[in-house]
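Two complexes follow with chain A in common, the first pairing it with chain B and the second with chain C.
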Partner chain A sequence: MVREARGLVRAKNCMEIFQLLIGGLANGCIYGLVALGFVLIYKASEGVNFAQGDMMMLGAFVALGLGNSDQLGLPFGIAVIVAMVLMFGIGWGIERVVVRRIFGQPQFALVILTIALGFVLRFAAGSIWGYSPLVLETPFAGMNFRVGGVVIGMADILAIVVTLILTLGLWAFFAFTRIGLAAQAASQNQMAAYIVGVPVMRINALIWGLSGTVATVAGVLYAAKGAIDPNIGLLGIKAFAAAVIGGLGSLPGALLGGLLIGVVEPIAARYAPGELAQMSPYIIMLIVLVTRPGGLFAQIQAKKV
Partner chain B sequence: MSLLAVEDLAIHFGGVKAVDGVSFEVEAGEVFAIIGPNGAGKSTIFNLISRLYEPTRGRIHFDGADITALKAHQIAPLGIARTFQNIELFDHSTVLDNLLMGRHIHRRTNFVQDILFLPKVRREEREHRRRVEEVIAFLELEHYRGKHIAGLPYGVRKVVEIGRALALGPKLILLDEPASGLSVEESQDVAFWIEDMRRDMGLTVLMVEHDMGLVTQVSDRVLAVANGRPLALGTAAEVQADPEVQAAYLGTGDAA
Partner chain C sequence: MRVVFKTSYDPDIDLHDHAWKRWGIALLLAVMAALPFLVGDYYLAEATNTLIWALAGMGLMVLVGHTGQVSLGHAAFLAIGAYTDAALMNIGWPFLLSFPVAGLVAGVFGAIIAVPAVRMSGIYLAIATLAVFVIVEEMVILLAPITGGIGGIFAPTIEIAGIGFDRYAALDNFYWLCLVVVALVTWGYANLMRSPTGRSFLAVRDSEVSARALGINVTRTRALAFGLSSGVTGLAGALMGHYIGFFNYELFSIFISINLLLVVTIGGLGFIPGAFLGAILITGVPQLISILRDSANATLGIDLGGIPGLDTMVFSLILIGFIIYEPTGLYGRWLKLRVWWELFPLARRDMFRRQKTYLKTERMR
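And now, the complex of A and B:
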């Protein structure tokens, strides 16, 4: 009897960890996608876009505005695609209108500029959609699968699958296409990119657009898991930690950093004292920075002498 | 008609007249050198031709067309390649990838074709690789093909940059101090390569160089500049014999 009960407890613990893991991976994918946005911009403009989280927020709201039945009421799939295109335009426009003007200024200028931009986006979303939480209507809301004793939400599965596909797509884009290779070249050395014929500015605008699209995907996946309000962009700070953990210049590193934070957070929340869960992303970031200052996927390896 | 014609070129940074009224013409198939003391404005002339700087006044013509209003990325497709004094390479990539990036303007396939890796893309890739391999063989870079730039010695990086310029398949190549920081043997290699570029590849070479030995050995004509202004134009011997040039280098008199 006692042994049986102990076995049951163990099985229950196991399932609980598995449950936490699935939810953590799904959250981690969203962090990872926002972190990908940080990396894209870092590669293009050699600076950090602190409005990345707010771009995710705006992307989610644009999809909501297009798709929800009390708003424009477009079919969900079309609403998301149109939102992705619109947010590409917004990202592209931000580069053309604002970021390009501070080209050549110290990195600090871009930091301040994007922090301000974040406030503007938050205010814009707040004045259009209000500050109380709204729910994005999705065709898969409330859909669950039961595997053994574990409940897996459709939104979680989608978050994981979509993130994998998108990351693979981005990787293929940068590794194989003419534009992707040009973007890599521009991120390594703008002067050299110019003289081999790469339109560096145009490429930068494209990358900002791309990061707007990626942010929208992250926003929709986030919104599919719960309500959104204009302040959800603060999640970007956690995603920034994920990008730093990954090495800030590495796409797979960003995704891995996001997954790491996503998984550790709920497990810390379950098994460690209260505040530790909130601190865990930053504790991981500190540990990584102390032990591997360049991040897990450091682009610049220290030269061995 | 000359391949490159620079007319009354000037650029002022605030009150500093870095280049102030320089004119010269480079004939097709010629090796043309620009010499001058440090800060004379030689590299600035290159940056103006590359369209990295906006001239205050003057025009630049290449191959019969006015290129003064073009953007920096529109210069390479015309057939102008260059190197930099301080070496501008893609440091986190391999030698091979750097050279392949030199083929960028010749890539004709589009996004979808690239992603699907269609036969057309593969054919093109093979052609680019073949061209790059020719450059590798010419500059004897076989040993470094797969190495990352960041770990390479200075002299090799300098050669890789020349290689990337050649991979563009240019008509005109601008070499900014190709021999600076190189050993005597390496400089000699550069001299041979420049002669081969002209003779075997039919290239026109415009270079900025301090090493008068190299300049004398390879160049047809030499332009001396100081303080952004032209001093003398002629053969290497003529320019070296010019009293104004000698004064500018030795700092005697008030030639400037």
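And now, the complex of A and C:
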């Protein structure tokens, strides 16, 4: 009798952890997607775009503005695709108008510049859509699967699947296509790449656009799981931790870092005080930075003269 | 154009390259000391705020401007300074003791953080400091018995030898206190920069590899710079706590870190006066915006107060403008103007051309 009860409790605990795991994985995928945006730009120009979280926010809002029935009211699929194209344009435009001007300046100039850009984007979204939370209408809202006591939301499954596909696609893009290889060459030695005929500037603009598109996908997936407001861009800091844990410049690393953070966070929130859960991504990041300064998939060796 | 003819090595390391500069600074100090008699309480409070920001800016300037390490988490050290000072005074320590201890605690914390952090460089360090900031912010909430948690904490009134330095009851005295602290720190900072330690900071900033080749212990130098920087920032935090009077963790938000970065970047990286110029800008612009907003409201009937986040937006645009068009900041612009004036009409455009560096990666794969 007692043993039976204990077994039941254990099964329930197991179920709970599994439930937390699924939610964590889906969240982690979104962190991973935003982190992918960081990594894309880092891979192509060794710059870090601190406005990536705000690009995600803007992407979600553009999709919302196009798709919601009280706004433009386009069908969901079309709205998302148009939003992706628009955000490609915005990313490309940011590179053309602002980032290109500081080409050849020290790295931290870009850090400060993109932090400021993030505030501008937040202000723009805030003045168009307001600061109160809005909900993106999706055709799969409220769709759940029940697998032996564990409830899995359609949005969660979609987040995981889309992230896996995108990561694979981007990895293939950098590993096999001409443009991807050119982008890697440009990041390793700008001058040399320029001399052998890589259009460094054009490739940078393209990569910024691409990261805008990835940010939109992340934003839509995030919005599908809850309400959005212009301050969700702060999630970018967490995604940043993910990118660093994986080692900036490594696409699978970014995804892994995102998943790690996404899974640890809800479990810490369940079994530890709330503040510790808030801190957990950064504590993991600090531990990784201290023990492996280049991240789990380190790509930096000792500085050469 | 003034030509300084140097006949020995001493003038090279003098604090001021000619006597006029010394007199200029003496005059500035005299004007600043007489300020309570010249302006009203409102502007005096603003001047105090500017001094505190300049102090914090100098703290960050050591790190960013002179050692070349970016920190996105300096609000953490402001918070540590403010909370240490307030907590110590609440258990009965006198201000003269708690104030230096607050700086010391922030500095030691910064140096401890720096030991692992200095192994990283550039972007990684910036991110690590950001993480430290978030952790400190959460720690403030966790340590509720000391820090007052979410509710906040009162900074007690300062009293030295029976004289009150309350921010409201005796603003003049508080202003003078801030002025003395800022003047002392500035003097120490300027002297530090002409000492071997200060020169080793510059060497580490300009080229780590060559600094190491010259026998500088890069890790120790960076940790020292980090500790000094956070210590001075902690002092500024303690003063800021007294200036605000009642504060909780929200006072030290991520925006404060970014504003601090703004102070040093817009002021002019690598110049001590830059911290002051940046502080004037950061405390002056919100006032200017509110004045403009009021006048727009009165004359045109446009209510700009209804747009939230306008201040941050204007700051961001200013920052973007400076990064693109004048990366050396306000002080750099002033130096250029002065050279142009001194050489008139011989100054040429290309004298100030920025040098571009082309990226060569440190990633080997």
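The working rule: the second predicted complex is superposed on the first by the 300 of 305 C-alpha atoms of A that agree within 3 Å, B and C clash if a C-alpha of one lies under 4 Å from a C-alpha of the other, contacts with A are read in each partner's own complex, and residues count from 1 in each chain.
Rule of thumb we're sticking to: a residue touches a chain if its C-beta (ideal position, glycine included) is under 8 Å from a C-beta of that chain, and two chains touch if they have at least 3 such contacts.
Owing to the predicted nature of the structure, the values given are computational and were not obtained by experimental measurement.
*Asks:* Contacts for A:Ile179 in the overlay, against chain B (first) and chain C (second): which applies, first, second, both or neither?
*Replies:* first
*Asks:* Looking at the overlay, does A:Ser45 come into contact with chain B only (first), chain C only (second), both, or neither?
*Replies:* second
*Asks:* Report for A:Gly197: first if it touches chain B alone, second if chain C alone, otherwise both or neither.
*Replies:* It touches chain B, and chain C stays clear.
*Asks:* Any idea whether chain B or chain C touches more of chain A?
*Replies:* Tallying touched residues of chain A, the top partner is C.
*Asks:* With the two complexes superposed on chain A, say which partner A:Ile237 touches: chain B (first), chain C (second), both, or neither.
*Replies:* A:Ile237: touches chain C, not chain B.
*Asks:* For A:Met285, select first, second, both or neither according to whether it touches chain B, chain C, the two together, or no partner.
*Replies:* second
*Asks:* Name the contact category of A:Lys12: first (chain B only), second (chain C only), both, or neither.
*Replies:* neither
*Asks:* Using the touch definition from the top, say if A:Ile112 reaches chain B (first), chain C (second), both or neither.
*Replies:* Touch status of A:Ile112: second partner only.
*Asks:* Output check: A:Asn189 vs chain B and chain C. Expected answer is one of first, second, both, neither. What do you get?
*Replies:* It touches chain B and chain C both.
*Asks:* Determine, under the contact definition given at the top, whether A:Gly104 touches first (chain B), second (chain C), both, or neither.
*Replies:* second
*Asks:* Overlap the chain B and chain C contact sets on chain A and report the shared residues.
*Replies:* On chain A, the residues that contact chain B in one structure and chain C in the other are 188-189, 191, 299-300, 303.
*Asks:* In the complex of these two chains, what residues of chain B are touching chain A?
*Replies:* 50, 52, 71-77, 81-82, 84, 88-93, 101-102, 104-105, 107, 109-111, 114-115, 117, 150-151, 164, 168
*Asks:* Can you check the complex and tell me which residues of chain A touch chain B?
*Replies:* Chain A residues touching chain B: 172-173, 176-182, 184-185, 188-189, 191-200, 299-300, 303.
*Asks:* Enumerate the contact residues on chain C facing chain A in the complex.
*Replies:* Its residues touching chain A are 64, 70, 72, 116-117, 119-124, 126-128, 130-132, 134-135, 138-139, 141-142, 208-209, 258, 261-262, 265, 307-310, 312-313, 315-317, 319-320, 323-324, 327, 354, 356-365.
*Asks:* Hey, which residues of chain A end up touching chain C in the complex?
*Replies:* Contact set of chain A toward chain C: 45-46, 48, 98, 101-109, 111-113, 115-117, 119-120, 122-123, 126-127, 131, 187-191, 237, 240-241, 244, 248-249, 273, 275-276, 278-279, 282-283, 285-286, 289-290, 293-294, 299-301, 303-305.
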